[in-house]
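Labels run A, B, C and D following the written order; every chain starts at residue 1.
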Amino acid sequence: MFSTVTTIRVRYGETDQMGFLYYGNYALYYEVGRVDMIRQLGITYKELEEKGIIMPVVELKSKYIRPALYDDLITVKTILREFPSDHKISFHSELYNEKQELLNIGTTTLVFLDAATRQKISMPAVLQEKLESFFN
Amino acid sequence: MFSTVTTIRVRYGETDQMGFLYYGNYALYYEVGRVDMIRQLGITYKELEEKGIIMPVVELKSKYIRPALYDDLITVKTILREFPSDHKISFHSELYNEKQELLNIGTTTLVFLDAATRQKISMPAVLQEKLESFFN
Amino acid sequence: MFSTVTTIRVRYGETDQMGFLYYGNYALYYEVGRVDMIRQLGITYKELEEKGIIMPVVELKSKYIRPALYDDLITVKTILREFPSDHKISFHSELYNEKQELLNIGTTTLVFLDAATRQKISMPAVLQEKLESFFN
Amino acid sequence: MFSTVTTIRVRYGETDQMGFLYYGNYALYYEVGRVDMIRQLGITYKELEEKGIIMPVVELKSKYIRPALYDDLITVKTILREFPSDHKISFHSELYNEKQELLNIGTTTLVFLDAATRQKISMPAVLQEKLESFFN
């Protein structure tokens, strides 16, 4: 298992007239958490794209437990529970507010694609090497 | 069963640098489909809010099959498979491009809340009456 | 002068907790109006990009007169006051609600760039031909 | 004069298919800068709203000089050049990338409103007191 922690403050433009973080904007928070996890491994998603690898999302699941509110400082815990296999990688996300209340649980599954051919490829070696130490 | 159809054109600002509709923006398309379904029943979500009812999303599931691209005219099919019960309502969404290719399947579950007390309430009578004819 | 009219309904996810269309989201409405104007000329912005032309925005001005509210059906009037010159094109936008109240005035200026070299180019001939009839 | 500095990393979902930060998303960056400036004064915009004050944007001007790109760590310099008067406050924003290249200049003007009556009010005393030391 490998997990990282990122904080994000809720922007005014991300709320809706209910006063909640809009339900579609959690996807952005999961993204920030995932990208931060990869950065903490010593590589960046940007570099992967520059090497011709893209990682579109193929599945998203989200449970909204308590609303995230304007100006809340959200802690995004990003968790890799399983070593990626079969061209896919699944990230789990848990969002907490400053009172440590669990607000939201999400899972996003991405595939590794060759940007030019749009064909599935294996997880890049550079990412595999970095992750192996956490799963052995 | 009750289903409605809505069309939405993909905006430039909704794409990402992969050239795809960003995965978080599908939530907006589901919303437009749901709101349109309610409008086609003869009421509006806006009126429900004015009566003190809010409907936050409690669960979202999404499968991304093919990318929606810039300027695509997307058909959003919104389906109510089951008569709402237990303070909840689940909408299924299917997104198609102009070639009638299935791009995305989503499910959003919302709860009926009293806006003032934030307590769960039953489906508003006005909505119940409109829907009954489709499920009997 | 050349002007076109487009309607857009305010989405829930586009409002903020003030209950207003978020000030940054007007840019999306201007974009929808501009793209619709070009489509009404018989070409599409998508086709221009496919021909290797991109049109990034270089200037934006916006005055917010009355708020656009959730579910408002907004009329976006897009106006080309002057024939484009000097590698640039300026669109004026006026937004009205269903009561015909003026909500917002905006101006966006875009440049014509060669997508490959990122150098300024003249307005594409196909666009020039379509526009000339409105300015002669 | 009073100025503060905030950093924001460009999210994937904020880019468009041109590979640039979408022109409408700069408004979010200006917002984050403004809110951070107020926080650095020892109050928060959230508290102002809780006291019944809202601050809608009435004018936005933006010049796009160089594109902000995915994963860029943007420095937002927020500047209050003049002491607010006449129910209004104008923030200037300058955005720089990591090479210290100027990407964008923006100005947003907001009005102080009573949330209940929607009437213009003077700048809240708490904000006035904090700001006076920087302008005397």
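One rule holds for everything that comes next: contacts are C-beta pairs under 8 Å (C-beta built on N, C-alpha and C of every residue); 3 or more make two chains touch, one makes a residue touch a chain.
The structure presented is a predicted model; accordingly, all values stated were derived computationally and were not measured.
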Inset, instruction - Provide the labels of all chains in contact with chain A and in contact with chain B. - result: C, D
Legend entry - Chain of greatest Cα-centre distance to chain C: A
Legend entry - chain D against chain C, contact positions shared by both copies (same if over half, else different): same
Inset, instruction - Take the average of all CA coordinates in chain A, do the same for chain D, and state the distance between these two points in whole angstrom. - result: 28
Legend entry - Interchain centroid distance [CA atoms averaged], chain C/chain D, Å: 24
Legend entry - Between chain B and chain D, centroid-to-centroid distance (C-alpha), Å: 33
Inset, instruction - For chain A, write out the residues touching at least two other chains, lowest number first. - result: 12-13, 18, 22-25, 27-28, 31, 70
Inset, instruction - May I ask you to sort the chain touch graph into line, ring, star, complete or other? - result: complete
Legend entry - Residues on chain A engaged by chain C in the complex (per definition of touch): 12-13, 15-19, 22-25, 70
Inset, instruction - Using the touch definition up top, name the residues of chain B that touch chain A in the complex. - result: 18, 20, 22-28, 31, 54, 56-64, 67, 108
Legend entry - Touching residues (chain side chain D, partner chain A) in the complex: 9, 11-14, 27-28, 31-32, 35, 44-46, 49, 70-71
